[in-house]
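Structures for review follow.
Heads up, the next two complexes both have subunit A, just with different partners, subunit B and then subunit C.
Let's turn to the complex of A and B:
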């Protein structure tokens, strides 16, 4: 084995618009063994992988592969096989066909099925999998499908294998099988770049661990004698402005506003529970693939769960659909304002009054004047910077669009408010204003649930944070116990 | 170490749906043979062959599109206009091969237009092929203005012989369609281009990532569909000795249903040419049963439409079941399944 590192990044930077995804990242990956990349949401892991895999050209810096400086195009064609987080398998085809797609052995114009099945059986046996090469993929579990996809990358004989969150969709047994597979690959001399949020996995299989934080390189560690706490400290460790802690006192006696029990959605999340009292702001946090995103949609019936029990303002909910929940005093802020939140080509007035048109109508006819009055009121109340109610959201900045969305969400004067990623992609000023609105609503006795992948935001805003991991409820922290370390320990740690 | 469970043959070959339909075809054949003495009559067998042959040829093209998650509603109209194009060329004194080429060229051109619109311009295939269906029917009306209802009826004997030869009492056209079907099936099962249809239908993004050219395959599949419809149109014109505005009318729905029953899926990634044969045979037998049992023709449309709805519902239900949705959720009995 040569000492030449298989991969080295030096001074790699990448920006998307004003957002700096990576700043001067440098590290090297040695030949042979498992090298893990760790970081919080938004730490720059995906961008790093995309640059290494040749999907994105960095703005600055160079990437050397096997000692040679390479361009993104070189790497895209070259010696790297990447398995993405989302399954990219063919559910309608056999295991053998999935492994050999694009490289099927041929004999005189025909596919050499005999050789293909033989080689597949060899591979499956090598990694201790009890699957037949002719089995159709849809019959396998998600974990087995993931393994088949990894075998496709193994069979391609690439010298560098990238696995991006391979266990995020798997249960513990399947994840364990995958760990065995990776250990065997490591033993047979493969080089694997491994990205995962599950710290115990990373500690279990990797030789080296590189930590990224806020788009910057923190440290590459030798994996010997490390603990989960060592890793968490390096992943978080950023300076926060002093947190103005909300006083949870007196909330314990407030009436229950929303109670969720045993809610499940296959391939989404399992047995989730949540309790929110009047006047309380509860944050829900989970790393990518933890099921928090699915839970946020299920709770408002956008993607209905298949089982569970929901109580809203003391009454059991039988019809968990957005329309029925809104009628009973619940409201939801959609996390994606461009695709599902705003009517981009309708005026601000139309957007903020859409949920309450029936209230602003007389004899079934929409009252234009009432709409305009309501819109002017909202523009003032939420400090939306727009010249008037007739302006289209398309013409506004991201922050002001978000404020329009928030005012539409609050238009029906809801008692229970679910905010999904309330400040995604907005500037600092607008963020503070949205937070202020949320605090004001809570102080007025409303109950708020905030889903956010931005942990510092939740720490500042919430009285209590519910943490999800592996598609389940992992724990809760409240009051003084709330810190990045304590939340991350629940979100990324242990079994 | 536990033994690896062997994959059942029918699943490994992806012929499960095809087998069910084949069983239905067998049951129907038996029932008809018992219930109607006219079923096994030489004339009836001959008419069954004549109805299966062109439908099978058209369905080979349609099934190819089904595999990649597309379909073509213009096939009936293409069949009609191709027959007319051939008849016009022959009437103008062109030699037989040139006449046939004229008919095929029209079909291939319409297929290429469909393919261009769908694959390169990204327009929905339902819209494109439905529009082309209307346009083509309109062009047929324009051409046939002033013609008698029977259309073109005089053809050189060299041409009509093409549709009327037989071997040992079996229609030559029927045999030709069967051989064609077999060739397509071998192509699908043994070659990489054949397999790539199913790869593309199963997961378009992943297929593109492994180097398949989605647009090219889609375009060629539409050209093929137009070409097969034209081939069926030309051969049927030779068979019946007529080319008029009625040929192929309503055929697209019959072929569509046959492909679904024969194992295709609107979602793509499924289907086989054997399945197309079985599906076409099913529809032909159903129609034949109505005639033999003297069911009024109005009811035929009702039943065939009902079968279509049933098959589509079953197909969609199976897709949702595979996604792990429970039965009550699929049928929307209670929107969220929340225990009260």
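Let's turn to the complex of A and C:
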């Protein structure tokens, strides 16, 4: 084995519009062994992987593979096999066909099934897996399907394997099997680039760990004697703006506004609980795959959970549907402005009044003056920078679009407000304005639940943070105990 | 108030630059002009065209088909489609006639048949909403099932003519104008008001444009969709009753291919396969335009069997336009 590193990045930068995804990132990956890349959401992990895998050309810097400078196109064709976070299998085909897809062994122009099945059985046995080569993928567990994907990458004989969050969709047992597989691959001399949020996994299997933060390289560590705390400190170690923590004292006596108990959604999350009092802002945090996203949608009935009790303003909720919850004083903001957010072809006035059409109507006919008045009021109240209520959302900046969405969410004067990613993709100024709105609502005695993958945002905004991990409630931190370290320890920590 | 008026002014600048906010309802003026142009062209080139008898017959035909497109248009607004309209149209008309032949009174027969139509519509809507089935495929299924039933019924009747009272229904006049024409005018005006002012139509547009947002905004998309499918089948049934009366006897070809005329006319009239838009006035004009074209072909001695070719061509052209326009809006 040569000493030449298999992969080296030097001064790699990449921007998307005004957003600097990566800035001058340099590190090397030695041949053989598992090299982990760690970082918070938005630290630049996926951009780094995309550049290494040749999906994206960096703006600056060079990527050397086996000592040679390469272009993105070279790498896309070449010696790298990547297993993406989302399953990309052919569900109706066999294990063998999935592993050999695109390069099935031929004999006289026909597929040599015998050889293919033989080789697959060999591979499966080599890694101690109890799956048959002829089994159809849909009949396997997600973990087994993930393993088949990894074997496909292994069989391609690439000299570098990239695994992006391979355990995010798996339960603990399946994740453990996968860890065993990776250890065997490491033992047989493969080089693996491994990305995961789960710190204990990373500590368990890696030889080296590279930490990224805010699009920049922090450090590459030798994995010996490291603890989870060491990693967390490096992941979050940015200079935080002074946080004026909201004082949770005095809220303990406030009446309960929303109580969720024992809520479960198959493939989503299990046995979740949540309590929010009037005047309180509760943050919910979880890394990707923690179930926080599913939970946010389930508590508003967008995807109906299968079990659980919900109490809203002291009354049990029987009909957990958005319409019924809205009628009883709850409201929901979906931060994804395109998918479940704005009506891009409707004016601002139509957008902000969509949830309250009935209130602005008499005998089923809408009062256009009332709609325009409400729109003008909202444009003023939320400082939306638009020339008038007839303007289309697509003519506005992202921040102003977000403010339109927030106006619509608050149009029904709700008592309980669920904000899902309230500031994703929004500039700093608009972000502060949205936070200000949230604080104002809480001060007026409303109860707020904020789901966000932006941890500093939650630390600044919430009285209390509920943390999810592995699709469950992992713990809560409140008041002075709230820090990036304490939350990340719950979100990414071991058992 | 005058302050408000002035406040609107800056946004009209945005309008002129081409970023026009979609109103609730389409801009039908260009369509009206094209239809008028076809009309004038035929009037100038074919002398038989502008005869009172021909024009009356075109208008009468359009007014009956129009009844069937009322609910259909609003189903399309919500990004669904109901291809069973033609079959429901045939079944309801034939069934009403069959019941009359069997000695039922007109009102019970019509009410029973329309009730059945509404039931089929409910089934369509319920399956689409409850199991999230693609309405295009689902209603192709119902189209075939209902067509089968209608054909059995028509064969049973074996070309028997309907009772005289029923045959004269479609020819009922109100102040010297055909009842269905009066009905069309009334419905177009009602539809216009509905589109301009009602909260329900706005909700339908929101559902069509972004059903996930609409749900989050507490709009009961499921119920409204089911109601629209019921309306679509019911209005198709109503048109079917008038048509059965007009053709005076059971016919297995009744309403054959009507659904494709409806899609084409609705899209010409401003509806979109991508939802969020639709205009009853436009749908009426779309039907009129197609009827003028087909009539014009007859005037120019084009084989009547060639009509399907033209409807097919128009369908492709309008759907292609719709898709291209929609892609541009997305971009």
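Operating definition for what follows: the second predicted complex is superposed on the first by the 495 of 495 C-alpha atoms of A that agree within 3 Å, B and C clash if a C-alpha of one lies under 4 Å from a C-alpha of the other, contacts with A are read in each partner's own complex, and residues count from 1 in each chain.
Assume a residue touches a chain if its C-beta (ideal position, glycine included) is under 8 Å from a C-beta of that chain, and two chains touch if they have at least 3 such contacts.
No experiment lies behind these values; they were computed from the predicted model shown.
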Subunit B versus subunit C as contact partner of A:304, first or second or both or neither: first
Which superposed partner A:382 touches (first subunit B, second subunit C, both, neither): neither
Subunit B versus subunit C as contact partner of A:366, first or second or both or neither: second
Touching partner for A:350 - first (subunit B), second (subunit C), both, neither: second
Partner chain(s) touched by A:451 [first = subunit B, second = subunit C, both, neither]: neither
First (subunit B), second (subunit C), both or neither touched by A:395: second
Contacts of A:94 with subunit B and subunit C, given as first, second, both or neither: first
Partner chain in contact with A:110 - subunit B first, subunit C second, else both or neither: first
Contact residues common to both interfaces of subunit A (with subunit B and with subunit C): none
Contact footprint of subunit A on subunit C as seen in their complex: 4, 7-15, 19, 21-22, 197-200, 202-203, 205-206, 209-210, 212-220, 276, 329
Subunit B-facing residues of subunit A, complex: 88-94, 97, 101-102, 104, 106, 109-111, 124, 130-132, 134-136, 138-139, 266-267, 301, 304-310, 316-321
Residues of subunit A that touch subunit C when the two form their complex: 300, 302, 322-323, 325-327, 332, 334, 339-347, 350, 354-355, 357-358, 360-361, 364-366, 368, 372, 376, 387-392, 394-395, 408, 412
Residues on subunit B engaged by subunit A in the complex (per definition of touch): 1-7, 11-12, 14, 190-192, 195, 198-199, 201-203, 205-207, 209-212, 269-270, 322, 324-326, 329, 334-340
